[in-house]
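Dropping the structures in below, format is structure tokens.
Two complexes, one shared chain (chain A), two partners (chain B, chain C).
And now, the complex of A and B:
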């Protein structure tokens, strides 16, 4: 993946005043989001997006910045969650004084300590072998959760109560909105910290380890030590993410250590995009939308998730965020050169593909439930036992598959010609 | 003695099953640099195909057809999927197979449901083969071992004694040279990928009814075979065999031994009160630790021998 240098160049191109404006805007979004989406369910989703973003950013320190693919990220965030739950219980019981807003510090220290403990050995290697070792570490932590019920609480996990101690400025952190603001506060700190990390010499050296490991020793640095530091930094932020998760759900079960959790972080970070700083944040938002909202509409949501992931891997290895700029550019140029017919043709192909895919998946899942009543979709009633619905779906799929390449090429070629012509006239 | 022999036989048959999976995985890895995350998913596909085919045409038809079908599925995946991502590097390929394992799991659940299917052992192979002291050894387990040894022997002969094996071996180390001699290296890759998947499928056919055929079977074995491949040394067939047998022995024996460090200490005359620091750690018995041991072995090997048991290179 050679497009990684994008991070450096783009971040470098930002002036300080624009950056300040960006941070103010981000803070405003965090501040006002719960007043735009006011339902309590929306607040819960926003909180989860916040923790998701922290986790995705911590993961991207490894994958995007240092080129280290990890399948064991849940070990850091999960242990952070467990330690936080225990800290909350102890602080609530009066063993020591620790107000809730400072609990993520416990998570951060846990993640950092675990990374420091195992990181030195596992960062000796890189590439695919590193991925497999992190898988082993993740599975080992997961397996040990059931071995030590005293700490991990066995099958039921360890639960806690986030409302303890004296209220701080009248805040008890019982209501979801107060938890949201606590998460938003830590999110802001983490986003800022990870963003400025990419601009430090250490951040740039990590890019170096990713892009050309052989050259790092020649400029006087040890790639192994750099990777070790990367995994410790990542573990620290992952621990904060796990802590916020524990505060939000008030429970930590062995599920937070599982391969599913590690896989989800990987999935969404990659779908969002590892080549830009903004990508993982987008990925976490998409992740919550896909995993929390989609199951309400369809039983096949995991199928959609898998398909989206594979499509991103094959067609947009820079993630969805890498498509935004070219996509906007294409729309802008279409409007500029008034090539609406060609654009409409491409849109038609894409729609055919998406609609047919949804039709087929929904029909398949409906058939699998063994129901005899027809499937209702978008106000239509589709009989999955007859032929017609299937024939329509497959015909649409074929039509989309056969035309999409030609439609896309025609539009791109035409726009390129138009641009060239425009430039010729200008000269 | 009885316990020891039976456990040894069990661990051998489990280890051989692991090797049927890891041999394909390690071959694919050493040729293409791709660690196929979906390898265990092909094993699961093999078991489910065999279940369906044996319901329609009997076990022996499934025994032949299911691995072939899985092999064809593998070829399709390589030709129309992996080859497209190849230009983005090995990490993208690994991610592709990771996504694929998701899709195969969903597909399996869609077609066969979320619970285990009753994929049984054929009648002729049911029952005990012999009795060792007081414990019986099932016929089917012997059959599994026989099939595993035969396939691995065949694999060895194909790789070392045939023309195609020669080309495969040459493509491992000198792909450009093989290409300039007029061989289609991408097609060799495709065939190896298909062959590795077929091997995993065959493991599914013989392992699915001996263990259990359910949607979770890929994940259960999937992570273990990665441990095998990494611990044995990436790309080393002999290393994979050694690691498979080692992990087979470790897992089988540790599950059967219900002894904790505390028991050993008390046998040695040291008593530790339940309130002492670290008591809960010492009280964990070996059988409880069993699921963790392969990973602990992996970490140990990586500390003391980073390239794996028989690996030639560090990475």
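And now, the complex of A and C:
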């Protein structure tokens, strides 16, 4: 085996042909997703997932790849959004020629320029101090939105119309589905670019800065320069994300620069997982599901979001994506060794926990709102003022808490024994 | 081309009011293997930090390959051809052995801050990394995360990182510390191999390693070089025995035997 094929096979089995397949598959998903989820609301959610993925990937260049925790990512994406809105208005007014599909270039350049401007100074330091400074930068940018209403439009923000100029191949980009495809196009480019970036010498060195910054000068490189380049790359892609956001919503308000926005990017990138390339993508998808779909079902959606975040931080610091492989492996081995009873036992414990948690949260929320009618959940009518619903919920919670460890261990131990036995027989 | 690759002239280093290096003078000849010995706290590691640019001198001059380098950054000094290993293993912890070596070989192969080429396409870089892996005997462990290596393997990788860039001057800071006798012997052989045709400076406590390896030995005591000579002369040097080992004249014979 040559060195090259060794490298290719090492990277999680991602050979060139597999990579090509992966990209084709990804393109197919982007192409057909709006035909599977056909409602216009679904198209809007898919579009937001697309922009979310671009933002999460841009953020992970800092956090996951370079070990730089930032609390001010919205500064790059938000400024990208504002510049894009202005560019759309100017292009729409005929000041210059710039068709809508190229507006993200404006966002990219804005993000890059802002990162280049502030990055040189703030990347001189790393760690907690860097995180603190990004918090300051984020707040400063947010504050400036209200200080300079001429550019940022004050509290009302700046609105725009994405339908301008001549239609391109019959596309006006008015309908949501056309915007979706525009976002999908840029998403594809950004995913490919950030993916291959991790496989360049620069990407490898960013991992070096993350893992042991101290050693970097002694292999010939300048950690400050690497961090500076990282923040500029991140700013560039964040700017594209902000631009796509502006195209989708046709408005940019001070909200896009807020700490809340920076926090959301951090939250979902982390939930998805910073240790793998695809983790942030998963995080962005989960983010849209939790923040856009869940509110339709429950008023307590933020509570669920918080619980998911805490669980991930405590039990899966590598993010949800880090659970996929071991989870699949467990299911595969359960089927292989036919340990359905044990698996079912674990499933029961998990279900008890999830159901009881939902019950309790919903009962609490229902009670807090002071409603007098009973809570309706999963087709049941639950009286939140009586005892029974609460007793059931707490009993389920206790049952889940008391059994989950034992059932988990029993299954894991049994599967390990089975595997060992199988290996013994094979020899 | 001067005979000396490295010269330290009246170098001083203070931390606050504490003077660690107190007017140190040292000349390292091109192509020699120079061992630096001295009691704990004598300033040996600080000396390496000063030469390699990790710390800056308080006063004095350091000349390397005809240039003054005491104001240079660590990466500039590396780029001039001086690389080093660390006393405490200092690797890229979450990466594999191969990825560590790749990163260390990058600069010399001309791939600087390259973001437009994929690593998998850079054959010379892979060839060099593979060569280093075989040299340090870790070819079979190439895809193992460095956290899972044995201590001796980590130390070998530490040496590999220092030589991967092909620097002509190499500083090794206690490469055999904490090793068993067998591991240490293997490490000496490795150091001999990797330093062939290069200038080597090595801090070492193990006298067996020092006398088996070095062309000359510099003795650092209390921030100064009190002697720098061939191993034989150092062994016979009364000043060294008294100052470095803190022994009186009547105990000298014992010590000489110990060193031998």
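To be clear about the criterion, the second predicted complex is superposed on the first by the 414 of 427 C-alpha atoms of A that agree within 3 Å, B and C clash if a C-alpha of one lies under 4 Å from a C-alpha of the other, contacts with A are read in each partner's own complex, and residues count from 1 in each chain.
Criterion: contacts are C-beta pairs under 8 Å (C-beta built on N, C-alpha and C of every residue); 3 or more make two chains touch, one makes a residue touch a chain.
None of these values were measured; they are calculated from a predicted model.
Engineer: Scan A:217 for contacts with chain B and chain C and give back first, second, both or neither.
Structural biologist: In the superposition, A:217 contacts chain C only.
Engineer: Hey, is it chain B or chain C that touches more of chain A?
Structural biologist: B
Engineer: Determine, under the contact definition given at the top, whether A:203 touches first (chain B), second (chain C), both, or neither.
Structural biologist: So A:203 only meets chain C here.
Engineer: For A:358, decide between first (touching chain B), second (touching chain C), both and neither.
Structural biologist: In the superposed model, A:358 contacts neither chain B nor chain C.
Engineer: Considering only the touch criterion stated at the top, classify A:116 as touching first (chain B), second (chain C), both, or neither.
Structural biologist: After superposing on A, A:116 lies clear of both chain B and chain C.
Engineer: Check the residue A:310 against both partner chains and state whether it touches chain B (first), chain C (second), both, or neither.
Structural biologist: In the superposed model, A:310 contacts chain B only, not chain C.
Engineer: Applying the document's definition of touch, where does A:259 land relative to chain B and chain C: first, second, both, or neither?
Structural biologist: first
Engineer: Identify the partner contact of A:135: answer first if only chain B is touched, second if only chain C is, both if each is, neither if none is.
Structural biologist: Touch status of A:135: first partner only.
Engineer: Give one of first, second, both or neither to describe whether A:229 is in contact with chain B, with chain C, with both, or with none.
Structural biologist: Once the two structures are laid over each other on A, A:229 reaches chain C alone.
Engineer: Is A:399 in contact with chain B, with chain C, with both, or with neither (first, second, both, neither)?
Structural biologist: After superposing on A, A:399 lies clear of both chain B and chain C.
Engineer: Residues of chain A that sit at the chain B interface in one complex and at the chain C interface in the other, please.
Structural biologist: none
Engineer: Please name which positions on chain B make contact with chain A in the complex.
Structural biologist: On the chain B side, the touching residues are 29, 33, 35, 81, 84-85, 88-92, 94-96, 98-100, 102-103, 106-107, 110-111, 113, 219, 223, 226-227, 229-230, 234, 280-281, 284, 288-289, 291-292, 294-296, 298-299, 302-303, 306, 314-315.
Engineer: Spell out the part of chain A that touches chain C in their complex, as residue ranges.
Structural biologist: It is residues 3-4, 6-8, 10, 196-197, 199-205, 207-208, 210-212, 214-222, 225-226, 229, 233 of chain A that touch chain C.
Engineer: List the residues on chain C that touch chain A in their complex, please.
Structural biologist: 52-54, 73-75, 78-79, 83-84, 86, 90-96, 98-99, 102-104, 106-108, 111-120, 122-123, 125-127, 130, 142-143, 161, 164-165
Engineer: Would you tell me which residues of chain A are touching chain B in their complex?
Structural biologist: Residue list for chain A touching chain B: 1, 67, 69, 118, 121-122, 124-129, 131-133, 135-137, 139-140, 143-144, 146-148, 150-151, 259, 263, 266-267, 270, 300, 302-303, 305-307, 309-310, 313-314, 317, 364-365, 368.
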